[in-house]
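Note that the chains take the letters A, B, C, D, E and F in the order they are written out, and that residue 1 is the start of every chain.
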C-alpha cells in the first residue's frame, strides 16, 4: 500500500541565465530577457513528494512536520532571498534554469529521505512554468 | 488511447490523531497539535482520477455527472461535516491521517468503477499538504 | 498617499454552530449540518489589511515581518488546531460563525495596530464562503 | 537525468456535446445540459508537459519561449474564441468532449516535439473537471 | 457592527459581443474575436457579497445556505450551460459584456436581499478579467 | 451605474530594500533578508481596476484589450525581467518596497485613463503579501 505524501514550500530568489564563455549577444539570443546582467527574480513554489508504505503505528508515510523542517533547513534557508548565481554554491558552475534547480533540490534532499522511499520534486518558477524531477 | 479523467470535490470534517493505547505524552510527542483531544478540522479537497479508453460512442472515459454523483453518495455524504474519529466507522480503529483517509476513500470508490479502469485518489488536507494513492 | 498592505495567514480549527438554550431540533433547523455535536472543521484562511501612509524613511506602511509575527502570536497561536467552542475563551458564549470569528479577530488585533491606521480583516471559512469586517 | 517541463496556456471556446445520428431526447439523456443546441462554453486551461534530458549547454529540456510560441500557433490560434463544433475541423465528426479535445491537442503538438522527448497534455474544462493524456 | 458575507458560485455559458445594427466589419473592429458569429464561451465565477449587521441570535448576517440556494435558483439555473444571447431574455437587446452581465445579476438578486442589507456582485469572465458592481 | 473592471497582469523582477545613507547593519536591522546586496526577486502579480459608467454603445466601461495593451506598454515592458533598483529610473532614489512600487504603477497609468474614471492598483509581491492603492 504505497502512498505519496506531498508538501508545499516556497522561496524568493534572484537569478540570471547566461554562460560566461559566451558573449552578450550569444547569451541574449539563447536566454533572451533571462540573460539580463542585473538579474531578475521569482517566487519559487516547491512541492516535495515522498512515496512509501504507511507506517501502521502512526498512519504516516512520513511525518509532515519532519518533512517541513527538512525542506526549511536544506532548501529554504539556503535559497530564500538569495541570488542563486552569486550566493548558492551549487550554481557556481551550473546555469540556474528551473531544470537545473529542481535537480539540485532533489540531490540535496535525497540523502535525508529513507532509502526505501521514493522522492520527487516539483518546482514552479512562475504559475505558468514548472518542472518535475523524479531522480 | 488511454485518458485520465479527474473530478474535484470537497468536504469539511473534524479529526484528531492519537492512539488510545498510548498516554497523552506519547500522543503529543508523535502527533503534536494534531493530538488535541478536543479535535481540530480541515476543508478536505478531493480529486478522483479514472483512467480508461474513450468510449467512441460518447467521447467519454466516464460520464463526469455519474462520477460526481458517485463521489457525493459514497464520500461527501459519509464524511462532510462529520467527526472522522467519532462518526465515520472506517476510522473506529484506524488513525484518520491523510494517508489512511485517502486509502479508505479509494477502497470505498473502487467497487463502483469499472474493473477495466484504473482509479487514483488525491486528497488535500490543507493547500500545503496532500496525499495520493493509486491502489 | 494612503496604501493598504495585506498579509495572508491560516489556521485549522474545529467548531460547531449551536445555541445551548435551544433543543437539538431547533439547532438542526437553523444550523443544519453545522450543528453536528461531534464538531466539524475548516482550514481558515485569514487576510489582515492595514491602511496608512507610507513611511518615507522605510517605504513601509507597516513592516510585513512585524505584521506576520503579530498575526501568529495573537491569532494563529490562539486558534490553530483548536476547538473554537471548547478551547477559545472568546467563543464561550458566542457562536463561532465566520461572522463572529472575523469580529473577534479584528478586536484582538486592533490594539496592536497604530491608531492612525485602518484595520480590516477577511476570513475564508472555505474557498467558497468568506467574510470581511472593517470595524 | 530526465526532467519534465510544463507550460500553462488557455483558450476560451464554445461547444456542445451531441451526436447528429441521435434525436434530441437521446442526446439530452446522455449529454444533459451539454447537449444545448445553442452551445455553451468554457475557459479551457491547458498544460503541456515535455519530458527529456537536460541539455548541458543551455540547462534546458526545452526552451519555454519556443514551447509557449508552439502552443500559441498550434492550439491557441486554432481554438481561442472559436466554436469547436463549427469552426475547428478536427471536431467536424468528433464530439468535442474534454477527452477528445485533449487527444486532438496531443496529436497536433506531437510532430513538433523532438521524437526523443515524451509529451503529455492536461486540459481543464472547468476548475473541477480535467483530463490528461500521455499518448 | 457591519460584516460582509461573500459566497462564490459559477456557471458556464456561450456568448458573443456584437450589435445587430452594425455590419460585421464594425463589430469586428470594436469587439475583435469576441464578435465571432459562432459564439465562444467562458466559465464564469461569481461572488455575491451581502453586507449587514450580525443577527445576535444566529451569529449570521445571512444564512449561507439560503444565499447559496438563491444564487442557484436565480442565476445558475437561468445562465448555466446557456447561450446568453439566444437563451437569456435579459440579453435580447443588451450586449452580454461582463459589465452588463454583472448588472443583470445584481438586478435579479436585489429584490431577494433584505432592503437594509447592501448587495455587491463580482463576476470573473476569465481568471484575468473581472468586474464588480455595487448598485 | 458605476462598474469596476479589473485586469490581471504579471512581471518578474529583482530588487533589494536598503538605504544608501545607512550602513549594512542598519539596513539589515530594518529590512532583514530583503537587504541582501546581491538582490532577490519576485513574480509580481498586478491587478488594475478602472471604475466608470458603462458605455451604452459597447457595453464596456473600458475595452479590456486596450487596458491589457496599456499595462503591457507602460508596466510590463518597463519592469519585467528587470532589476528595479538598477534599471527602473523611478526607483533610483526610492526604495522599491511593494508600497512604493504600487504608487509608481498608479502614477504611470493614471495619465492614460480617462479623467472621469477612477483608477486603483493591487500588487501581489508574493501570494501572501499584497498592497492596494487608490490614488
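Here is the rule we use: a residue touches a chain if its C-beta (ideal position, glycine included) is under 8 Å from a C-beta of that chain, and two chains touch if they have at least 3 such contacts.
Since this is a predicted model, take the numbers as computed values, not measurements.
Q: Where the contacts of subunit C and subunit F overlap, which chains show up?
A: E
Q: To get from subunit C to subunit E along touching chains, fewest steps?
A: Counted as steps through touching chains, the separation is 1.
Q: Looking at CA centres, what chain is most distant from subunit D?
A: Following the centroid criterion, the farthest chain would be C.
Q: Taking shared residue numbers divided by all residue numbers at the interface, is the value for subunit B and subunit C over half (same) or under half (different)?
A: Same: when the shared numbers are divided by all numbers used, the fraction is over half.
Q: Going by average Cα coordinates, which chain is farthest removed from subunit E?
A: A
Q: Tell me, please, which of B-C, A-F or C-F gives a repeat of the E-F interface, judged by over half of the contact pairs matching in residue number.
A: More than half of the contact pairs of E-F reappear in C-F.
Q: Looking at A-F and A-B, which pair shares more C-beta contacts?
A: Ranking A-F and A-B by C-beta contacts puts A-F first.
Q: If you average the CA atoms of subunit A and of subunit D, how far apart do the two points sit, in angstrom?
A: Those two chain centres are 28 Å apart.
Q: How many angstrom between the C-alpha centroids of subunit E and subunit A?
A: Inter-chain centre distance comes to 41 Å.
Q: Distance between subunit B and subunit E based on Cα centroids, please, to the nearest Å.
A: 33
Q: Using the touch definition from the top, which residues of subunit B touch two or more other chains?
A: If we look for residues of subunit B contacting two or more partner chains, we find 127.
Q: Every touching chain pair, please?
A: Result of the pairwise touch check is A-B, A-D, A-F, B-C, B-D, C-E, C-F, D-E, E-F.
Q: Can you check the complex and tell me which residues of subunit D touch subunit A?
A: Interface residues on subunit D, with respect to subunit A: 1-9, 49, 54, 57-61, 63-65.
Q: Going by the contact rule set out above, which residues of subunit E touch subunit D in the complex?
A: 10, 12-15, 33-34, 36, 38-43, 80-83, 86-87, 126-127
Q: Sort out for me which residues of subunit A touch subunit D in the complex.
A: 17, 19, 30-32, 94-100, 102-103, 127-134
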